[in-house]
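Both of the next two complexes hold subunit A, though its partner changes from subunit B to subunit C.
Presenting the complex of A and B:
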């Protein structure tokens, strides 16, 4: 791993040059902040707030084509490969989420759509100096400068950015921009470490997940599920905007003789999600659906892949229209066990 | 996008024969299909209990149990109840029509571990479809097993699947067939009553026996209760679960019962495992 320094006076040149590489960076669009394509030559402005929509939307699009066909024919046409892309300003929690979801998409049957797009994406992360209101990454195995999933980690040192390459892909990109960079002095790395320490100290919520995966199956019939889901509207925003949620539906769409099979985000918070054709629904109310959401992240995923499928980004708590708070649920789980 | 090993891309198959098993609004139709690509046909191998995603392009796919046994070579059989959008489209298919197939998916009944034992299947309605490959497999290898007893029932005689096959099966030495209908029916020579009651009537001994049950959830519940009354140990009892599925390969999320994906960890479970799974009988 090399540590390089990018002075901020060279930022505009840096992002301008990067923009020739199918660059995506956070941008405000209406009421939402999301990753948007950076026009060639344009400068990127990064600030502290994370995006409303996680960058998962770029490697796992809300709707994507699995194959195309013509009605009455049996030939299936696969979509072409997406252009390689660079994501700038990805928060460590969101990059870590991609690394976690990748475990599932690699499990047994490899998912070529996710994995190939992931392969063709370079993630340049931005460490968090100012955690957001509901951040709790350090409780669930991450941190404000966690490198997991990133190719390059960037830290804002005030006058300059510190660039640390994490992967070979990241190393190659740093190499390409070496004219704009200089070797980082030892005190720059020290300064970054201090910023990380300060950022961790500023995180308001701390929950020790120790014991939660084991406790959840025991609390199956606990009244807490009734309580924590009572206000739920079933809108699904907690899952749509969750960087680790990966559930999808598959549907065929037909227009004239042309058809396509596509997959689109789905949510375990929707009644239709598990409803059988017979009308029977094994998860008939929001109590069962909320219980599944928490169990999936904090127990089932742990059983299968040895890690909690939550990165502590706080989006589900930030964006819930009725203020259902994940931290509160986790505390209730800990109290009930 | 590379084509190789893309698990979402189905094979094409041609319907060789199709016939109605039952009538009515939710009728059951059986399809005997042949995979179009000879290389795929040759490399295809499945075990009793496994499923496949079958479908119609432009409509979608459904997870359906493969109701033919691996001992029936060269073709696959699916028995499909007309229930929703995809199964209704499948019901339109006749001999010569195309369907899509991908799979086989899921685990299977450990039929080879059961060699030397007596096999007891207890089915209801469309639930006989996943049991049929066991029946056919054991029938084809009858010398390897200590016997086969099938208990099968439906609401009326018109709702029973595989009637002709049961008529043939009854004649085989070493196989006992018991059929039932829920309601009195003129000319019905067999048992009248629910499947769990017929099970008690047949009164099978648990000794050296494996019991496999599949059918409507309410039937499964009472069959399990009655098997326990007959002193079957949890390890001697198997069943299959079904849940809504989209991908069939453990990615789309929805088919889990507790921490088990029905599509990958199932659909076959021993009761010893299932009794501790929180959503197994939800």
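Presenting the complex of A and C:
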């Protein structure tokens, strides 16, 4: 791992050059912030706030064509590979989420759609100096400068960015831009470490997940689930905008003699999520659905992959219109043990 | 707001044998958040609040709460649901009665004349939220923010929610009892948000909505938060036939939003929940207000004012103004 410095006066040249590589960066669209394609030659402006829509939407699109078919044809038409892309300004939590989700997509079946797109994506992260009030990455195994999932980690040191390459892909990219970079002095890395420490100290609304995965199966019938789900609207905000939620449905869209099979995001908070053809639904109310959302992240994923499938980005708590707050739920789980 | 009186009344109501729970609000877990609050016994009323942050419409829960089949040998729970309503919320209850979505004897309606609510996002823009829960109070014509940093007076116009700026019915239109004195309606006819869109050329207007609907992530929070979107079998969830594809793109998103808007024409009571809950900031309120105004002006009808009224789209009046029909 090398540590390089990029002075901010070279920032527009840096992003201008990067923009030739199918570059995506956070952009504000009305009230919503999400990753958008950067036009060639354009400069990127990064600020403190994370995006509303996590960058998972780029590697795991909300709607994705798996194949096309038409009447009388036995051959399926497969979609071509997407162009390689570079994502700039990815928060460490969101990159870590991709690393976690990848475990699932590599599990009993290697999902070519996800994995190929992930392989063709380079993630340039930006460490968080100012965590948002719902951030709690450091409680769930991440951190404001966690390198997991990233190819390059950038840290804002004020006058310059510190660039640390994490992977071979990242190293190659740093090498390509070496004319704009200089070797980072040892105190730059120290400064970064101090910033991380300061950022972690600012995280107040958090919970230590110790014991939660073990407690959840015991609390299956606990009245807490009724309590925490009573106000739930049953919408898809918390799951759709969660960087680790990865449930999908597969549906065919047919128009006339041709159609496509596509995969689209699904949400365990929806009433029809596990509704059987018979009409029976093993999760008939918002109580079971909320319980599933928490159990999937803090119990099932832990059983299967040994790690909590929550990166502490805080989106679910922040965006819920009725104040269903993950930290509050987890604290109640701990209290009910 | 006489909070003691509200809590005392709530405790009495929730203690009644024929009441299952009372729907109110309580302080949220952080910042300016307020959460819908299901109170099942008198002890729970201590957390009950009514403040300018209690913007959400609790009437939604009357139809949202799942009614599971009653196990053999058991009697269905016939107890009433008590709920607190502001002016707009009470219109949702009235409209649900019109549509027979609920029965009058199933609810106890506690009316709260409403001096106007705060737009939380506007407030947070000016006075950022912190992890400590803060409080907002009514203070004469203005709002008073009570937080860690002491008290801050905020002029009403600075953070008043848009739906409240346009509100013509701040006093509950239906209730079993009312707490507080009626307030003077203050509505401004100046719906500049809608006027701005109306002033656009057709192509420009189309481009505007294309941009808005393209942002939609189809989380259906607007549908679920809407007290009057309560079809048991929503066309959006239907797969056979698939009326609206699940695919998220401008075309399908538009089909969704227009279907919803038209289903609400003459039914929408302008509580603004759809727009408030939208994570993408799609101005759904403008869409619904435009249709509500059309119904008001062209048919002389306003929904959710009279629980005995004939449903607008199911009725026929020989004296409809219908001046726009050639």
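The rule is short, and it goes like this: the second predicted complex is superposed on the first by the 336 of 337 C-alpha atoms of A that agree within 3 Å, B and C clash if a C-alpha of one lies under 4 Å from a C-alpha of the other, contacts with A are read in each partner's own complex, and residues count from 1 in each chain.
Just so we're on the same page, contacts are C-beta pairs under 8 Å (C-beta built on N, C-alpha and C of every residue); 3 or more make two chains touch, one makes a residue touch a chain.
Here the structure is a predicted model, which means the values were calculated and not measured.
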Between subunit B and subunit C, positioned on subunit A by superposition, is the outcome a clash or a fit?
fit
Contacts of A:286 with subunit B and subunit C, given as first, second, both or neither
second
Now for A:28: first (subunit B), second (subunit C), both, or neither, which partner does it touch?
neither
Roughly what angle, nearest 10 degrees, sits at the C-alpha centre of subunit A between those of subunit B and subunit C?
90
Return first, second, both or neither, reflecting whether A:236 touches subunit B, subunit C, both chains, or no partner chain.
second
In the superposed arrangement, does A:76 touch subunit B (first), subunit C (second), both or neither?
first
Using the touch definition from the top, say if A:172 reaches subunit B (first), subunit C (second), both or neither.
neither
With the two structures laid over each other on chain A, which partner does A:251 touch: subunit B (first), subunit C (second), both, or neither?
both
Tell me which partner A:1 touches in the superposition: subunit B (first), subunit C (second), both or neither.
neither
Figure out whether A:107 sits in contact with subunit B (first) or subunit C (second), or with both, or with neither.
first
After superposing the two complexes, the shortest C-alpha distance between subunit B and subunit C, in Å, is 6
Subunit A positions within both the subunit B interface and the subunit C interface are 249, 251
For the complex, which residues does subunit C have touching subunit A?
28-31, 33-38, 56, 60-61, 64, 66, 68, 121, 129-131, 211-212, 215, 217-221, 223-225, 237, 239, 242, 245-249, 276-277, 279-282
Within the complex, which stretch of subunit A touches subunit C?
29-32, 52-53, 62-63, 133-134, 204-205, 230-231, 233-237, 240-241, 249, 251, 253, 262, 264, 267, 270-272, 284-286, 317, 319, 321-325, 327-328
Sites on subunit B touched by subunit A in the complex:
1-3, 5-10, 12, 36, 57-61, 83-84, 87, 98, 217, 242-244, 246-247, 249-254, 256-259, 264, 278-279, 282
Within the complex, subunit B is touched by subunit A residues 66-67, 69, 71, 74, 76, 78-81, 104-105, 107-113, 116, 217, 220, 246-252, 254, 259, 261, 263, 266, 268, 273-278, 280, 282-283, 288, 292, 295-296, 299-300, 303-304
